């Protein structure tokens, strides 16, 4: 079994050496969500509430966060992000509405782009919370996880069992 | 009902004016979590795995993220954070282990410190993911939400119903 | 006549001491613009081009830049920005179209908020350039200047003569 | 005609995918300016005012801004800047003086370096404003535009008509 | 004896709570240095080497670092820096030359400004190293320490014994 | 003799052009230290003081600083850091204790990684100061210098004479 890769021989964290890893095209897709009440849902999606703007701000925040990932996550390597795309969908859950957030990040680099996709998805959800919290502080950011990655030595990964 | 507070009269986002809000002591507590398999759990907690270091890195990341919240979240006001404390607990869920993350952030400022607590909790969980992802990419970051806030004009908030 | 205020007694730049200046409510409004061709104008404003999104991104960029001003401008003091609002207007100039950008920034601080308004206006214009440059690299960012400030010891300022 | 390249199929902004673009040597030169009164001009240029220091600070600010461009401009890709050079010239306009700012930025990357040159030029001008605003808040930052670019698939660009 | 103040009751680091500390005027002065060979000394100080520019860049770097201290130092509180001044002196040591760096930082805040002064002094020295390292990689950054602080509950501090 | 490489033909600083330098594997090791009294030494190292945590925070700070070097040091090129490792040792000096800090940084880039190693070492020492300053403000950060570099056109460097 592989070992923890962020520790040096003093047992302390280090940024692992990837100097000799090959550059390759890599992609990762992460999922997050935020559940809001009907009033917020209507505010975000109706024409009267200037449709799209909460999501537009959240999306910009997510893309900028992807670029800041190695600044935010201590042992994360800086990689040259070559693309970020964020998709939104809505799903009704009883009387509430869940905004589904899917972020795909790409790089041509020596290490994977999973953290960039996950960070962007999280910041996207946090931004929706920020922009709607005057209406309801009870919004819940849903489970956040990797759904797919490709490229790199460890090969492809796809979550095959649903997250409960 | 209160309205969306981040839109200007052109229907676009703005940073709302808090110039005339009073400074007061404010506090917010947010919850997040990450579920890991037994092998990662043992690695993080056993003496052989240099107990506490993954959590130590995650905690530093969370505290630094609290200070970067207004840089990350577009419409968030910069506030002078006066304290951040992060607590960890473990909970076994069948064969897996859930790291419970609780972040309390404080400020003496003109607006609330909810986003700082939530951002710190999210970045804390993301950092654990980053440090353990060589072992398992299937870890899931759990629901992230506000559990308590105090101070400010809108008064105190405590989540009274559990999040399912 | 007042002297240059950013030099120390060795003739080098310093960040001037404002420790004993009183906090007061301050506001500043800055103007910038960018001139684009008809095709870009239509792209930005027509329904088919998803009206508002270029401007939405530009606006988020401007607001975030206001918060980063003291990081960007070396001798600029960090101040607690309490509000930022960005307004857009269009003006036809012969066959081209000029996007007028007006940014108002506010603070309750010990020094003025002019640089924040000017920086936000500049970054707003730069972002429009970035998002449209695939269509035309010849866009010109127009003159950028302060139109109004209030608050602080030096009192109010309004540009009374038009900028040619 | 080429289309807007920053929108995804939901009509929202994304960071376009450049994973498969070739790296090449690229260069871009941008122009900005700031017009100041005679007193400020003399202050900046005379020996008594420690010649060069306002410009030295502005230049450092411009170079640092070039490196921060992808942090400032939301859809801008991070690229490895390989060189930045800033040149200053003075031009008398009636009783005022115009500081001409020319920034050349270089990269060996997968996308152009125009935004880096433009951002550096803007921040350079903003910094001069900041350092002289105690003397006159009426300074005007002049038109800012690309004068030349080379490298990349779209080839070379040179502005051939003067900007009025 | 006072205890370590950055640990929570789980024995992990936290950002200590200063919500109830009074704001007061505070000042701190830190010292650093860098020893260079005669060739570099002459390059920095002679007219032919464009006197002052290495120091001008170092000084801007130091001032900007003071403003980034709470971003760099994990448990450091963000404070509103109200002034930074950096002084340089030269001292000959046998065949070498030592650049003495003295940084005074000020704030009107709830906690001290020592870290800002120390960080600025360090970054100042690092910048001189960076700008001269093509000539000699053997330069040594000297001891870095606090020489004075005033303000705050713990009162004034002055180093009374020389650092060997 | 080589000349100062950060000046343009106007005698002002620039970021030197490395567009045509070859990428190669590079490594640099820097040394710093901080001298603390026995009480702080015992606090950091004893089991009762949660051994390792001050060092864990310092180490995270150092690694994050390595990634921020080109943001901190004005003329420093952004390079893709591929690994950072920080080692600590203790040395008793009469009644005091010196924490020896050794940082090795690696890159596969077009310019050296010396500044990253030096910056990380400095920030590491500054962080220890920050976390212990409640006990003693008289701690002294020791000499900071390059001990080794490899890779690049200028070849290897090793400090062969001890720093006094």
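Lettered A, B, C, D, E and F in written order, each chain numbered from 1.
In this section, a residue touches a chain if its C-beta (ideal position, glycine included) is under 8 Å from a C-beta of that chain, and two chains touch if they have at least 3 such contacts.
These numbers were taken from a predicted model, which means no experiment stands behind them.
A.B. asks: Looking at the contacts, which chains touch subunit B and subunit C alike?
C.D. replies: A chain counts here if it touches both subunit B and subunit C, which gives A, E.
A.B. asks: Report the chain whose mean Cα position is at the greatest distance from that of subunit D.
C.D. replies: Relative to subunit D, the chain whose C-alpha centre sits farthest away is B.
A.B. asks: Going by the average position of its CA atoms, which chain sits the greatest distance from subunit C?
C.D. replies: Between subunit C and the rest, the longest centre separation is with F.
A.B. asks: So how far apart, in whole Å, are subunit C and subunit D when each is placed at the average of its C-alpha atoms?
C.D. replies: The separation of the two C-alpha centroids amounts to 15 Å.
A.B. asks: Distance from the CA centroid of subunit B to that of subunit E, rounded to the nearest Å?
C.D. replies: Going by mean C-alpha positions, subunit B sits 32 Å from subunit E.
A.B. asks: Quick one: which residues in subunit F touch 2 or more of the other chains?
C.D. replies: 11-13, 50, 52-53, 56-57, 60-61, 64, 68, 71, 74-75, 80
A.B. asks: Of all possible chain pairs, which ones touch?
C.D. replies: Every touching chain pair, ordered by label, is A-B, A-C, A-D, A-F, B-C, B-E, B-F, C-D, C-E, D-E, D-F, E-F.
A.B. asks: Which of the residues in subunit C end up touching subunit A in this complex?
C.D. replies: By the definition above, subunit C touches subunit A via 50, 52-53, 56-57, 60-61, 64.
A.B. asks: Give every residue of subunit A touching subunit F within the complex, in rising order.
C.D. replies: Within the complex, subunit A touches subunit F at residues 8, 10-21, 70-71, 74-75, 77-80, 109-110.
A.B. asks: Considering only the defined contacts, which subunit B positions touch subunit A in the complex?
C.D. replies: Per the stated touch rule, the residues are 1-7, 11-13, 39, 43, 49-50, 53-54, 56-57, 60-61, 64-65, 68, 71-76, 114-115, 118-119, 122-123, 125-127, 129-135, 137-146, 149, 157, 159, 163.
A.B. asks: Tell me, which parts of subunit B touch subunit E in their complex?
C.D. replies: Residue positions touching the partner: 25, 52, 55-56, 59-60, 63-64, 66-68, 80-88, 106-108.
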